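Below is one structure. I have some questions about it.
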Amino acid sequence: MKEEVCVSESKHVVAAEKGDKTGVSRRTFLKGLGAIGPGTIFFSAGIARQAKGQYGPTYTDGLSAEQLTAMYTDMLKIRLWESKIKDLILTGGFRGVAHLYVGQEAIAVGVCNALRKDDYIASNHRGHGHLIAKGGDLGLMLAEITHKATGYCKGYGGSLHITDMSLGILGMDGIVGTAHLFGAGAAYGIKVKGTDQVAVSFGGDGSLQNSFFSSAANAAAAWKLPWIGVIENNAFQIWVRSSDVYGIQDLARRADGYGIEGRVVDGNDVLSVYNVAKYAAEKARAGGGPTIIECKTYRWYDHYGAGGAKRGVDGAFRLGYRSDRELRDWMAKDPIPRFRKFLVNEKVMTEQRADEIVAEVTQAVEDAVAFAKAQPVPKPEDGLLNVFAEGAVPLHKS
Amino acid sequence: MKEEVCVSESKHVVAAEKGDKTGVSRRTFLKGLGAIGPGTIFFSAGIARQAKGQYGPTYTDGLSAEQLTAMYTDMLKIRLWESKIKDLILTGGFRGVAHLYVGQEAIAVGVCNALRKDDYIASNHRGHGHLIAKGGDLGLMLAEITHKATGYCKGYGGSLHITDMSLGILGMDGIVGTAHLFGAGAAYGIKVKGTDQVAVSFGGDGSLQNSFFSSAANAAAAWKLPWIGVIENNAFQIWVRSSDVYGIQDLARRADGYGIEGRVVDGNDVLSVYNVAKYAAEKARAGGGPTIIECKTYRWYDHYGAGGAKRGVDGAFRLGYRSDRELRDWMAKDPIPRFRKFLVNEKVMTEQRADEIVAEVTQAVEDAVAFAKAQPVPKPEDGLLNVFAEGAVPLHKS
Amino acid sequence: MPKSMSYAILEAIRGEMRRDKLLTLFYEYQRPGGLEAEFGRWRVRSCAIDEHWIVGGVMGMSMIGVPAIAHIPSMATFIPYELMFNHAGKLRHMTGGQAAFPMVLWADMAKRWAFQAGQHADAGLESSYARLAGLKVVIPSNPYDAKGLMITAIRDVDPVVFCQYPVPASGPDVPDEAYTVPIGKAAVRTEGKDITIVGYAPQTVEIAKAVRQLKNDGISAEFIDPRTLAPLEGVMPTIIKSVKKTGKLLTSDEGSYNFCNCAEIIARVAEAVRGAQFKRLAFPDAPPPGAPEMINYMRVDANDIVAAAKKMVKE
Amino acid sequence: MPKSMSYAILEAIRGEMRRDKLLTLFYEYQRPGGLEAEFGRWRVRSCAIDEHWIVGGVMGMSMIGVPAIAHIPSMATFIPYELMFNHAGKLRHMTGGQAAFPMVLWADMAKRWAFQAGQHADAGLESSYARLAGLKVVIPSNPYDAKGLMITAIRDVDPVVFCQYPVPASGPDVPDEAYTVPIGKAAVRTEGKDITIVGYAPQTVEIAKAVRQLKNDGISAEFIDPRTLAPLEGVMPTIIKSVKKTGKLLTSDEGSYNFCNCAEIIARVAEAVRGAQFKRLAFPDAPPPGAPEMINYMRVDANDIVAAAKKMVKE
């Protein structure tokens, strides 16, 4: 046993491929409109009978050009803002941590665009994308991630806990799976209030066990709560492959065991995600009960931080628990150029407008960085506040 | 709000039927060989595709006349021993409590007869039947229930916690659902040991939530553990109907969501239960992984104790949360005369031999009562022992 | 007939449910008599055996401004422990004051009764909750306090763990109307000058008996019921003042010894009052056995309290 | 290079796995480097994010005589709390000595570091486990104790909660061979006569610094590391003896104040040593905020310990 034994989230080098190119330049993804076909939607065998014909991949009924453009813009916001954070982390001295969402943008944007402003979302540790898609402010988010006094959570929470109650964002959360329970609880609260809101929870493929999901699903099924459980299946729980620890391949199959409709969708196709989410939201609003949506996707970076990544280059390579080829295959399914191509083909926007949006979002990200940088750090003694609604707790240092 | 408001397991009188006869005499069930057809086995819609033709209701392959007779005897032991406890409780001054199993005997006996002596069972609060079927001694059990120093658990545990490690009985347990987790854990241990044993857990319809079942099912499915989860669906969780708090009707459907084969079986037909359990045990031994078996049944007494019951009369009536008619319908499906009729028809035993067995078991129950009565009570200071394997913990009364 | 603890609590909840049309109650099988008929199934929900749902569902609800009560049975007290710890207790702080949980965890508690081994007769679980930041923990010892504390707990915008031990009715009559008892204030049950005795819930029955006995024997004991276990800041001055007067602190716990609530009280007094004398009575660090011979021997009763107090006063 | 705490623990486990062909380890994502390659997947199992399985599965296994270790991450410490409470801690007693859990709950613990708000920088969770009957709780502060205590824990037929805090290597070199450190014995880290200081795990770093500083300033502090938190019976004599000598007990906790482990220690000493002086330093009763300015201000460090000790010695 060599000294390298260690107990950590460290990488276990399985069979790192030699000779891999170590990345694709940032610009490539915006230009590279490879040979990706239109998004497909598929259903697990077990729930095939629930399939309804109308959710075609390019179904855009009810989506105006404005909305479609906004969806494209939101996906870019997530991509560029997070890529910037990755670069800042690699630069060193970053006042915070991050679990990057890059690669999964179509899910947050597809789901949140199917919601109303007054609907609720409960998010997890990989939730920056959910927040941006629900309307979160890039500057306030970055200020929070860097623990500034004026960030969303006044610097208390940081990346893992960004919350904006005014946007119906119940918050990111560092404990795997609880979002589902809080989402279903909020859905119950909606029934008590008697409104037609909907509550959505986001969780990874790792969020199915641990009781929280099970409790949410059972209650939502029993009383037809307006809850949508979104499972972002990016294949890994840190470095553990879900296929090694679950007895099912399509995680939406879990829904069936509770009496819930389960859907599997291509998580890299924003319109497919949108359509299923829209269906689920409308069903929920009409009293039709919950839906569980599994979105198949992949994360481009390491579980946490910027290991294996480079400044100005997309993707984290040589991570050991996954092959670079697998990552590259998924990067080729990049949801953003795919959607851009669709929008341009359908004449929703011109190439030129698309480029303008890239420039605008790039600027917005720079503004957010400048904003966050200029913000003050918290006062030390403020750590004693906000334990309860009123008062401060005592210090016990002397 | 009248003073009757109370927070307890108390009965909520819904629509108690008037004019119900209040019971069937003890002897009736032994004689009353009503118009009950042979047991049927049925499958939930969701898992129908897993049905295999060979599990016919009266399939007795591999069961010798001796074994069949032993099964009949075991069912009677449970019935008569528990009925005696009910009578003792009603007499007053009983040194203990009990959650009676009467009505569900076919499940314990069907399952445990499909097991080997070295297989494990993990049981729940309603577990007397499981223990008797796995070979538990009536006298030692009654001594334990009445907290005698020589009972199975030396009087520490009582009814809810009877355990006999030498018979592979991991114990009854007062916390709903944990049996499943311990059963699946034991199944994992079997794999580590490399034996071909099987571990079975018993739980009620109430045991599906609370994380324990979910954790057991997922692990068992992921690694094909030799685990059999038996769900005794007697429709109620205390007085709450499962149909009011679950989104599924056939609880075996839950199995599908984990990638486990789920079976629904008539829990009042001992041979149906035996056959499915035998199939599951053989599959598990051969490395084929877990099975979840839902047994539909009904409990004749109240959740706990002898409320609504009378000495010498079967069944608990006027309980408020259920109708007497519902109970009577289920009592008409009494698994014991049904099995007796089958055995006599098939010439496995004569009516006379069947009656002899009743007499023998009646005597065995009387002996158990006499034995338990004669046993000494524990020494007070023994409560300080057995916290750890060695030593006593200190008293803090002075 | 005086109102029982359960009745007083239900009266509090009924009144608050009439006052706040959103207030909702989740429960398992311990039926809150009469409430469902008045407020309907959605606001009075009978749940599956799933304490994660009962507590987590109430948390999600309360996050969107629907105040709620989660009633859980005594053997399940710790199933939702991590939810209360990592979420209810922390999220206000972690979100810089945004998240609020206007909820009550109404925890049914057991005492050290016979025939209910291990999982059904354990006590003292409140100290595990009392050590979690961001939670308030109250333990009424009589119906009057129970009603007043439940109303305060419901109206509190912070999460409150309300521990209901089985204690026979005593103390002042319970008015039909709403009233509040403050969280964070101890009650001096009997004034005295020779020794301070602290205890709550089932132990108040034993302590009250002991205090009467001691009085007959010429010892004047001051009996203080903390009522709140977290935060303790408002509770301690009453106890510290008393121990400054008597110089002796005897505590008695229904829970087991190690880390029992009274250990914290003794530690705080020891920091504040130099030279005082301390004694802590409690259940041993063992699970409760079912046999009456064993459990009755292990539990602290009035006789033990009298003996310990006399010994301290003599010293 | 001295062996790290993690290395020492893995060396202990590897040795015991070689010794006992059934010993099995369940873990989540904190990979126990090298073990899977040597012992195979069945004995070194990477599990789903399901701490109920990791701990409950290990419990079921150990019930049939397959000893096992459950490794769980620091934010999930309380998910299996009820399993440890109502089952691992109780079933031996409830079954009159039949059930045994030869298992170790190897709990990864966090400290009060910045940028890890709320759920990822909480500390002091061990006191919730230490109050549960039937469990042994150990907290090594250096790699030597870690290895020896892990071996003892594995060989113990009772369930042991082994708390691994992130502490830099210090103390004696770790032999390659197996050796045991007893559960239930404190270690006197520095002898002294003016004041007794008690603390463990991350606080030992601060205390050691403070003790050196105090020495420079002419104060001789006796520094005791309890190492075991339950049962405390064997630990207390060392501490009580020390306080009888110094008359002063200062404790320092990484965990929050209310019900911290040192409260129990102070309460026990207060019963045993009349007239002593007590002071307890701890994190406030607040979740840990992520901003470094806030959390560093709240955490007790060597300077605080020095100041408190000087004040006590002067009094």
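Per-chain numbering from 1; labels A, B, C and D assigned in written order.
The definition used in the following text is that a contact is a pair of C-beta atoms (placed from the backbone, for glycine too) under 8 Å apart; a residue touches a chain by one contact, two chains touch by 3 or more.
Since this is a predicted model, take the numbers as computed values, not measurements.
Participant: Please name the chain that ends up farthest from chain B once chain centres are defined by their CA atoms averaged.
Facilitator: A
Participant: Could you put a whole-Å number on the gap between the CA centroids of chain A and chain C?
Facilitator: Going by mean C-alpha positions, chain A sits 42 Å from chain C.
Participant: So how far apart, in whole Å, are chain C and chain D when each is placed at the average of its C-alpha atoms?
Facilitator: Centre-to-centre distance between chain C and chain D: 29 Å.
Participant: Whole-Å distance, chain B centre to chain C centre, using C-alpha means?
Facilitator: Computed value for the inter-centroid distance: 36 Å.
Participant: Where in chain D do residues touch at least two different other chains?
Facilitator: Within chain D, residues 47-48, 50, 52-53, 75-76, 79, 82, 86, 91, 93-94, 117-119, 133-134, 231, 280, 284-287, 289-290 contact more than one other chain.
Participant: Residues of chain B touching 2+ other chains?
Facilitator: Answer for chain B, listing residues that touch two or more other chains: 155-157, 161, 173-175, 208-211, 214-215, 218, 222, 244-246, 387, 393-394.
Participant: Tell me the shape of the graph of touching chains, choosing from line, ring, star, complete and other.
Facilitator: Topology of the interface graph: complete, with all chain pairs in contact.
Participant: Can you list the chain C residues touching chain A in their complex?
Facilitator: 22, 24, 42-43, 45, 47-48, 50, 52-53, 56-66, 68, 82-83, 86-87, 91-100, 133-134, 136, 157-158, 231, 233
Participant: Which residues of chain C touch chain B once you look at their complex with the stated criterion?
Facilitator: Where chain C meets chain B, its residues are 1, 3-4, 6-7, 9-11, 14, 28-35, 38, 46-53, 71, 75-76, 79, 108, 114-120, 164, 257, 280-287, 289-298, 300, 304, 307-308, 311.
Participant: With touch defined as at the start, can you tell me which chain A residues reach chain D in the complex?
Facilitator: By the definition above, chain A touches chain D via 1-10, 12, 95-97, 147-149, 155-158, 160-161, 173-177, 206-211, 237-240, 242, 244-246, 377-384, 387, 393-398.
Participant: Which residues of chain B touch chain A in the complex?
Facilitator: 46, 208-211, 214-215, 218, 220-222, 244-248, 253-260
Participant: Which of the residues in chain C come into contact with chain D in the complex?
Facilitator: For chain C paired with chain D, touching residues are 75-79, 81-82, 85-86, 89-91, 93-94, 117-119, 122, 124, 127-128, 130-131, 133-134, 230-232, 256, 258-264, 266-271, 274-280, 284-287, 289-290.
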